[in-house]
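Note that the chains are named A, B and C in the order they appear, and that numbering of residues resets to 1 at the start of each chain.
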Amino acid sequence: MNRRGWRNRGWVLFFLLPSAIPLVLFTAVPMVSSAWVSLHRWNLISPMEWVGLDNYTELLRDPATRDVFAHTLLYCAGYLPLVFAGGLGLALLLNQRMPGRAFFRAAYFLPVVTSWVVVALVWKWLLNPSSGLVNSLLGALGAPQPGWWTDPAWALPAVILASAWKDLGFVMVIMLAGLQAIPQDVLEAARTDGASAWQRFWRVTLPLLSPSTFFVVVISLINGFQVFDQVYVMTGGGPSGSSQVVVGQIYDLTFRYGRAGEASALSWILFAVILLITAVQVRGQRRWVHYA
Amino acid sequence: MRSFVRRAAVPVIAGLVLALAACSQGSATRADEPVAGKTTVRYMNFSANDGHEKDLDAIKAAFQTANPDITVQIETLPYADYFTKLQTAVAGGTAGDAFELNYENFVTYTANGSLAELKDVDAAPYKASLLEAFKADGKQYGLPASFSNVVLFYNKDLFKAAGVAPPTASWTWADEQAAATKLTNKGKGVWGDYQPISFFEFYKALAQAGGEFLAPDKKSSTFNSDAGRKAAEFLVAKAGKTMPTEAQGAGTPDFDSKLFKDGKLAMWHSGIWMFSGLADAKFDWDIAVEPGDTTKASAMFTNGAVVSAASKNQAAAQKWVTFLTSSDDMVKARLATSWELPPVADTDKVASYLTAGKPANRQAVFDSLDATVLPPVIERQQEMQDAVTKELSAAAAGRKDVATALADAQKAVDKLLS
Amino acid sequence: MPNFRTVLRWTAVVAGAAVMLVPFLWTVITSITPNGSLAGGPTLVVKDPTLAAYRELLDALPMWRIALNSFWIAAASTLFQLVTGSMAAYGFARLAFRGKGLVFGLYLATLMVPMQVLVVPLFIEMKTLNLQDTYLSLLAPSIASAFGVFLLRQAVESLPRDLDEAATIDGAGHLRIFTTIVLPLIRPALATVAVFAFMGSWNSFLWPLVVIRSPEFMTLPLGLSTLQGQFTTDWDVVMAGSVFSILPIAVVYLFAQRHIIAGIAHTGIK
């Protein structure tokens, strides 16, 4: 290798090692050990017992695995469009000049920082099947009033609604940062060319936001597949397991049921699914993500 | 800005390196630092959390005065997080020399060889049934530290207003149901009864109906019986009729205690730990032994103190748990602050509890002990509890009939036992 | 006179903000209600408001110490993530090397296994390194985060390349370009990462619970969880604790968002 090649390699190491070392030490190493754990039967308190791939075959045969993946997938399918459209809309609104803009941005961000315990209680109250605000409104409109978190068919939609609401501010903040990076002169040029607000949005803003959009979609799906807190506090996976998700199952298996081996195996199955979905997105990004 | 960043870069990076180095230093009172000439015993517990930390400290101080060569280090964690922490600590080999376990989890830990056998235990101070509870294979693996039980709370004013005679120790389910129906007034938002539909209420109701949860060899479950169906029916039939349903708020934190405190609940199956919270209630209330069916059976919860098999200071740890569970200092601390009850055999020692204030009929707490039933325990305890609660809730919500729910629950539990 | 659409827009924003504020308001209201309870849903009028719950909170826990602890840990992990994240972002966006896609994929992969399953192996690792119960162990999982790297890489990728090409012609090296051109231009993204890094550390629960033993390392979420009893909970005190823990992040956000807005305007390009 020539000198320039070595120098370049030096720069790569210089810029990447500060993040790579801690990630390897404190994330990759535990990941590898969890893969090792997944080949054992282990309840955390007694010695591990080698079982080979039994945990995986067991899980793939278990109908509960299929259920928790189905619920998780359903969650993502409902959550992503809601939170993305809502967050982007908010960012566009709050990117314009208006009185009290800083206050409103903070207000919309507040649910992101509020603990799920509180948010879940509020939503359980809003979605109370017999006395909640939402059902009162639906009743007044003559619409059917679902049983929300007490009804197996509606428990997951209730969680989706609450999650999308809570995370609106998250998407908004990222989109706001993205909007700030759009050069004003490009929009100005489009305006002088006689493009309408609608055209400017579709032809200029949205394409220039695509790096942020890509980030939001990838991260929301990675996080969405690992949804846990809100399910844990809102429905506990019920009623009758109808809203149990993959990480909920992983948590129960590890810390409540003493089945850490199966929990690790399940998380590696989850890993494979997320990896696949992310890889598809990274492959597809060339077609729609425009970097400067 | 530019020059700022450039000038800042070097000190920032140097600072980060220094910070990293500083961070890896332990604290001054790092837990495993030995003190010269002294043995340190680490004790992990949950029951002192949220209000009794100082009481436990008092017991510890008394112990250290009596045993100047032993230092006790206490780690108190909330119940909800305790087992997460304990399991991880056991996995990493950093669990305390001694720790607290509730009776339900005791079997799991003995089955896995995590506990040290306690030798030459003086049985005299303890209530025999409680000491027995912490034995496995004829060996003593833990000492009972405290117990509490469940009684029937009732709102005297509501009973008077409805012209219903208050509960007595001789009440049966039929009496309770009849009174609950009369006391329920949905128009005024008053409910007759509240009893959670869960594993813990079910195993007790089952015993009251004369059923057995597990077969004698503990290799299969036997609750899908006539008695079991009767017990489940009794619980499930309450929902919506004399007791609020899940959709009406049941099961949310705080719901039942607020309902009772607001004077909107006539009867309430709850634990004696609620006494202090009800001291300032604006109405007259009292307690009675829980109604039975073919027999009486009161739920009892007990926590024990155990010594870790991995501990290097087992002798000192045993001294501490013995003191913690049987000393007079402990009895005094528990009674003075209406913490859970001390597990002592000598009833004279707990006499002051009877006159310690509301409710008037504290005798019922001890009367309940004549016929108590401990929860059935298996190695895969939590899974069993979850499975039973899940099926019963499905029945209560009308998604399953009681017979199917019980059959399904039994199938699930049998699978855990196989 | 403002036109009709402006008024409409403003009304929508106000109405939406009101909905967003409800849970927080409920938290505040419950915390100042005597014997506040969560059952029965929120009320807007408080009879005899009281600060008793806050006094009780300060009695029960050394709140200032705990908050300061949480603050330092969050601030340190934010600083670490900004430094490590922006450097990696530059590496991925501006340096050419073989296997870049694969390395970036490996970074992303670290986000794909849930913390719930990593906690136990990581704890055992810390024990082996004899680092359990130290500040470093608290910080360890948040010194670098692929989330930050990814967000910042997107920001660097969006910068026009002609800027650093011009600087290269002027003889600037990577370090100069990184510190004098790239960093100032990605301030909105840096501020965003700072907010999330701070929040992540401030709210993190499971890892501190497992790794910390000495009370002097206690963080806010751990402290607040001790307020919940096995059987009963004083919700007014818990809510007072929540207010205590939400306000600082709201302040951090208010502070950071000025930078998010400032972004481009200060840096010279339009």
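The working rule: a contact is a pair of C-beta atoms (placed from the backbone, for glycine too) under 8 Å apart; a residue touches a chain by one contact, two chains touch by 3 or more.
Here is each chain with its UniProt name: A = Carbohydrate ABC transporter membrane protein 1, CUT1 family; B = Carbohydrate ABC transporter substrate-binding protein, CUT1 family; C = Carbohydrate ABC transporter membrane protein 2, CUT1 family.
Owing to the predicted nature of the structure, the values given are computational and were not obtained by experimental measurement.
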Based on which chains are in contact, what kind of graph results: line, ring, star, complete or other?
-> complete
Of A-B and A-C, whichever chain pair has more C-beta contact pairs | A-C
Distance in whole angstrom between the CA centres of chain A and chain B is 36
Whole-Å separation of chain centres (CA-atom averages), chain A against chain C | 16
Of all the residues in chain C, which ones touch at least 2 other chains?
-> 38, 80, 83, 120, 124
Of all residues in chain B, which are in touch with two or more distinct other chains?
-> 84, 88, 91, 249, 252-253
Where chain A touches two or more other chains, by residue = 44, 121, 128, 131, 255
Residues on chain B engaged by chain C in the complex (per definition of touch) = 1-2, 5-6, 9, 12-13, 16, 19-20, 22-27, 29-31, 46-47, 49-51, 75-81, 84-85, 88-89, 91-94, 249, 252-255, 257-259, 271, 273-274, 277
Flag every residue of chain C that touches chain B in the complex, lowest number first.
-> 37-40, 76, 79-80, 83, 119-120, 123-124, 126-127, 131-136, 139, 175-176, 179-180, 183-184, 206, 209-210, 213-214, 216-217, 225-233, 235, 266-267
In their shared complex, at which residues does chain A touch chain C?
-> 8-9, 11-12, 14-16, 18-20, 22-23, 25-31, 33-34, 37, 44, 90, 93-94, 96, 98-99, 102-115, 117-119, 121-122, 125, 128, 131, 165, 168-169, 173-174, 176-178, 180-181, 183-185, 211-212, 214-215, 218-219, 222, 226, 228, 247, 250-251, 254-255, 260, 263-264, 267-268, 270-271, 274-275, 278-279, 282, 291-292
Where on chain A does chain B make contact in their complex?
-> 43-46, 121, 124, 128-131, 147, 150, 152, 238-241, 252, 255-258
Per the touch rule, the chain C residues reaching chain A in their complex are 6, 9-10, 12-14, 16-17, 19-24, 26-27, 38, 41-42, 80, 83-85, 87-88, 90-92, 95-97, 101, 103, 105-114, 116-118, 120-122, 124-125, 140-141, 143-144, 146-147, 149-151, 154-155, 157-161, 174, 178, 188-189, 191-192, 195, 199, 203, 239, 242, 245-246, 249-250, 253-254, 257-258, 260-261, 263-264, 269-270
